[in-house]
Amino acid sequence: MKKSWIAFLTMVFCVVFISPGWAAYKIGFVASITGPASWLGEPEKNTALMLREWINAASGIRGVPIEIVIEDSKGMEADAVLATKKLIERDNVLVVIGSSTTGESMAMVPICEQVETLMISMAAALSIVTPDDEMKRMEASKKPWLEVPKKQRYWIFKVAPSDASAVEKIYIYCQAKKIKRVAIITVSAGFGVEGRRQLKRLAPKYGIEIVADELYGPKDTDMTAQLTKIKASPAQAVINWSVGPTQVIVTKNWSDLGMRGKIPLIQSHGFGNKSNIKLAGGAAEGVITPLGRVLYAEKVDPKNPQKPVIMKYKTEYEKRFKSDVSTFGGHAYDAIMMVADALKAVGADKKGIRDYLETKIRNWPGTGGIYNMSPTDHTGFGADGFEMMEVVHGEWEFAK
Amino acid sequence: MSLFSEILQFVFTGLTIGSIYSMVGLGFNIIYNATTIINLAQGEFVMFGGLIMVFLTVVLKFPLFVGFPLTVIVVMAIGAVFERFAIHPLRNASLLTLIIVTIAASILFRGIAMFIWGKDPYSLPPFTPGSPVMIGGAVIMLQTFWVLGTTLAIVVLTTLFFGKTIVGKAMSACSFNPMAASLMGIHVRKMILISFALSAGLGAVAGIVITPMSLMDYDRGPMLAVKGFCAAVLGGLGVGYGVVLGGFIVGLLESLTAGLIHSGFKDAVALVILLFILCFKPSGIFGSEEVSKIKKF
Amino acid sequence: MVMPQPILETSRLRKIFGGLMAVVDLNFKVMPGQIKAIIGPNGAGKTTLFNIITGILPPTGGTIRFKGREISGEKPHRIAQKGISRTFQTVELFGNMTVLENVMVGRHVRTKKGLIQSGLRLPGVKREERLVLEMAQEKLEVVGLMRRANESASGIPLGEQKLLEIARALATDPQLLLLDEPAAGLNETEKLRIGEIIRKIRGSGITVLLVEHHMDLVMNISDEIVVLNYGEKVAEGTPEEVKGDEKVIDAYLGVEIRYA
Amino acid sequence: MGKENRRAVFILMICLGIFPFFIRSDYYLSIMIFIGINAIIVMGLSLLMGYAGQISLGHAAFFGIGAYCSGVLTVKLGFSIFTAFFCGIFLSTIMAMAIAIPTLKLKGHYLAVATLGFGEIIYVIFNELLEITGGPSGLSGIPSIHFFGYSFKGGWRYFYLVWTVAILLLIFSLNIIHSRIGRALRAVHGSEVAAQAMGVNVSQFKIQVFVLSAIYASVAGTLYAHFVTFISPSTFSLFVSILLLMMVVIGGGGSIWGALLGAGILTVLPESLRAFRDFDILVYGIILMTILLFMPEGIFKGLTLSLIWMRKKW
């Protein structure tokens, strides 16, 4: 009698306390779903929702369903900190994916490092995955272009291409087009500032001179003044670096000022959202931008290993959410799929998942590019993730 | 491009931005004149104006001349409902509480807008299609004329309303001494309601005319409110023409600083000048010391 | 006999609001230990005069001397510090505080512990606070409001509010006390009590300058009277002298008597 | 500080003291730490608004000055945390005086705009001084606090540190309120002329309280910077200033306890709304409106009143 009671209690105990352990693989997901960076967080969140369904519909990983716990960091660092702590403490997640912006990701880094949990950021800055002293060494270096980091933060990875990669792609294009003098116009918020820094750093390497350097605020409604100055400068091309509505306004102003055909507008990879072309109306015609392949999946060479991945993601996403696919959602896709692969291989082992990412993600086709993670590169790809595209009749075409 | 045409371009840009600040500022002013409340949800009226216009003309395909007034009426109704359900029940609370209520309302409005329209920005086609005009080497978009013209019309209409009509005069009486005003037979409650509806309508007009130029999304309101507020205070709250000029001054300062000095400092320069002016003329450039003393806040 | 120095003396004092002359070249003296009254019809500039003396309004011209030193144009709190205190015609109590606290605020000017000392509650603060409390209670006794000590100042009847203002003004340890219509709105018994209190105050060595409409009270307690009309001094002297002055009767008393 | 306050502080201290023994979760401790940090700023603001009757829309700037002083001086110049902390206080004091003295003659909305302008200028400076502040991408690698070889890393230690500071400042504030200065400030609220006639130097106290509230914010900034170990300008924007203001009003303008309550509620609320995800802004707005409509004098007053009512009833 007594024994059966003990057995019963043990069973109850197991069900209550152990079951969450095997009931699902828990993945924490932090994104700027609301607030000033919500256009990043929105597609990321959608992608996470969609992937959870996909994976669980295919009876999960090793027969175990996954659970993606989604938290909103609202574009605020303090919220990102709390969200991360909640995920780690209360939800006991194996991995934290996020957040959408560099600032939030930077605030999350120390937490994940302290509890030794893998974090995969969807933001771009190299400083997220590179230790502070390494960043300092690279910045102090006298070489005219960006030093390559020699070490990376042990627990931190990111799936978005570094800004430097997009800058390099643009400058390579400029070189090919014999453009030697460019004007830059950037937003004075995280993305734009980082872009501006890389644009200035890398210009000498490609023999390019920056003849005008203009700024605007993230909530500005008109950039005519800045573009007027650029129009009067000897620039052969203008490079805009921003995300969200401001890049559309820049495009409209550029078009209205009659700069099309005279000073071509090159947008950052942040322009990678079809709705930007629609919002700009006809103004976006002729805009050139480095883009990840997911945006024009149909046009990608079928021999490219990315092709099946991006075709599936793009069609499914657009079908499900009735909105155009963006590269940002793609970052979420890559992060989750990498974790899913790692879980398949090693199971619920935090260190194992980390090691898998660092050593086994080789020639791994994602939406952003073909990833090759290594102990000295926690981003996994560079300028090769991009192609230069041009807006022609409202569609992306390979830039000639 | 000569320096002259460059400066001309900056001036036009400044005037366009300034028009919006003026209209937002006027919205502040109308409510302030009737209640001494600063309605920090003013920017959300602009946002609603833009987004409802998009809904009516782009989604429902209403023609411009139907969509425009309809949008204004809808937003005026929002303003009236806001006054009735949030401001009126608190008429005995402190002014600060009322101002915080407007902040809470602005958060709520943003929530509603996000619920309805999502987070994506929306655009409108320009009212008159066509390529920009060149004036003295400066490029002026056709929509700019719409913005400037609308502002001008609004300024004329509000001046007439407050200077010539009984309702308008009665409204300004309310803030100086609501008690006396009600003894004079002015229906204070109605005046406050009208002031909220009017300023909501003004916000809506601003939202409608700028959306073709600078898009509109649910989160646009707070920044516009802050700029409009600065403009209003710079010009002198309580003085209609002062507020309008304040808007243009802030707009011009911003675009000239961006163009001629450094675009990174454009917000700061406008503010430093604002602080400087407030130090020497605490009631704003065109404000009257006497009036600001009488007001309880 | 050497004339003692006047405690308060104005010379050619004037105040102009826009085009309106509120006080016109006013010269008058208050001697130490006096009860002096200022009377005059409404709008004669009495309250304006008080506001100028206490520094709330700057004078347009002329000087005010307190104990031989010029004080015109000084900030109100400096003047309070020098030893002039006042009550207000329209009661200006701190309605958000208790009766006792109101009087304690009066002690503000005679205490000096600063923000940091108070915040850290250094030893001296406690001692000072105890002294303030005792002093405030003492002043409440003087006007007979001790039983109301812990009630809200805005809740007590008007007559007692007037007395509370006096207690509060006394707490500043003034040498000159300006009372602006202390008896306005009071009934007969209260008026008598106020008269007694004013005498008691003078008895403790405080000079009193008084604006008042109730002639019986004024005539009863004042040593000297100044009569103002349209900001100008019409007459000055003992109650008897003023009563007999024809200009005064014309300008003021006549009217008062006719309607009394 | 009256008997009731003393008892309340004591109870609060005990509750906070035993909190980490029952709640071990780092997440909840972090929420409490953020409440503590916000409470410090809001207490200062409450002194300024509830007692000195002035509105500031720029306190996030002082919060930022404290944070950036600590961050920049420790990261870039290798200062000790202690020195950096006092540099922050010093700089905030200077800035607060610079802004308070000329703007003192402003009242109401004009003061609000002046402080708003100041806050925005500081915000632009944080953004533009790339070499020093790291610009919009922020400043990382701020060390965690340790003195005398004792590290305050780890949730409960930092919890105690933050709340010790908060309680000390709470006692300091209560002392001020119940001193001659608090009385003088309340008197100014009651009647400015009468207060002046009683010898209260109104402008001096207004400046003092403004500076004091700036120092509170700066202290909170230091605590924030060393806790999150990363700072960027967005944490110190106008909207944070407005949020802080809202904490004061929601809690109850005229009371330090209200300030604590307001900081607590507005910090916890968004966390508890996580379940609503996209619509939290909508729910948040509705809750704020409801509080304001039904307790226009703040939750503290509202709760006190309803407690009294309940006691009468039963």
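Each chain carries a letter (A, B, C and D) given by its place in the written order, and its residues are counted from 1.
Following the convention adopted for this analysis, a residue touches a chain if its C-beta (ideal position, glycine included) is under 8 Å from a C-beta of that chain, and two chains touch if they have at least 3 such contacts.
Because the structure is predicted, anything quoted here is derived from the model rather than measured.
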- Those chains which touch subunit D and also touch subunit B: A
- The chain whose mean C-alpha position lies nearest the overall protein Cα centroid is chain D
- Query: Going by the average position of its CA atoms, which chain sits the greatest distance from subunit C?
  - Reply: A
- Query: Per the centroid of Cα atoms for each chain, what is the distance between subunit A and subunit C, given in Å?
  - Reply: 75
- Between subunit A and subunit D, the Cα-mean centres are separated in Å by 35
- What whole-number Å value describes the gap between the mean CA coordinates of subunit C and subunit D? 42
- Message: Touching at least two other chains at once: which residues of subunit D meet that condition?
- Response: 127-128, 278, 281
- Residue numbers of subunit C (touch at least two other chains): none
- Message: Please output the residue numbers of subunit B that touch at least 2 other chains, ranges allowed.
- Response: 114, 264, 267
- Query: Can you name every chain pair that touches?
  - Reply: A-B, A-D, B-D, C-D
- Message: With touch defined as at the start, can you tell me which subunit D residues reach subunit A in the complex?
- Response: 25-28, 30-31, 34, 127-128, 130, 135-138, 140-141, 153, 224, 228-232, 234-235, 270-271, 274, 277-278, 280-281
- Task: State the interface residues of subunit A toward subunit B in the complex, per the touch definition above.
- Result: 34-36, 38-39, 42, 188, 214-217, 219, 221-222, 224-226, 228-229, 231-232, 244-245, 248-249, 252, 256-258, 275, 278-281, 323
- Over in the complex, which subunit C residues touch subunit D? Could you list them? 54-56, 75-77, 80-81, 85-86, 88, 92-97, 101, 104-111, 113-115, 118-121, 125, 128-129, 132, 168-169, 172
- Show which residues of subunit B lie in contact with subunit D when the two form their complex. 32, 38, 40, 86, 89-90, 92-94, 96-97, 100-101, 103-105, 107-112, 114-115, 222, 226, 229-230, 233, 237, 264-265, 267-268, 271-272, 274-275, 278-279, 282-284, 292, 295, 297
- Item | Touch list for subunit A against partner subunit D, complex | 33-34, 36, 70-72, 74-79, 81-83, 85-86, 88-90, 102-103, 106-107, 109-110, 114, 125, 127, 132, 188-190, 192-194, 197
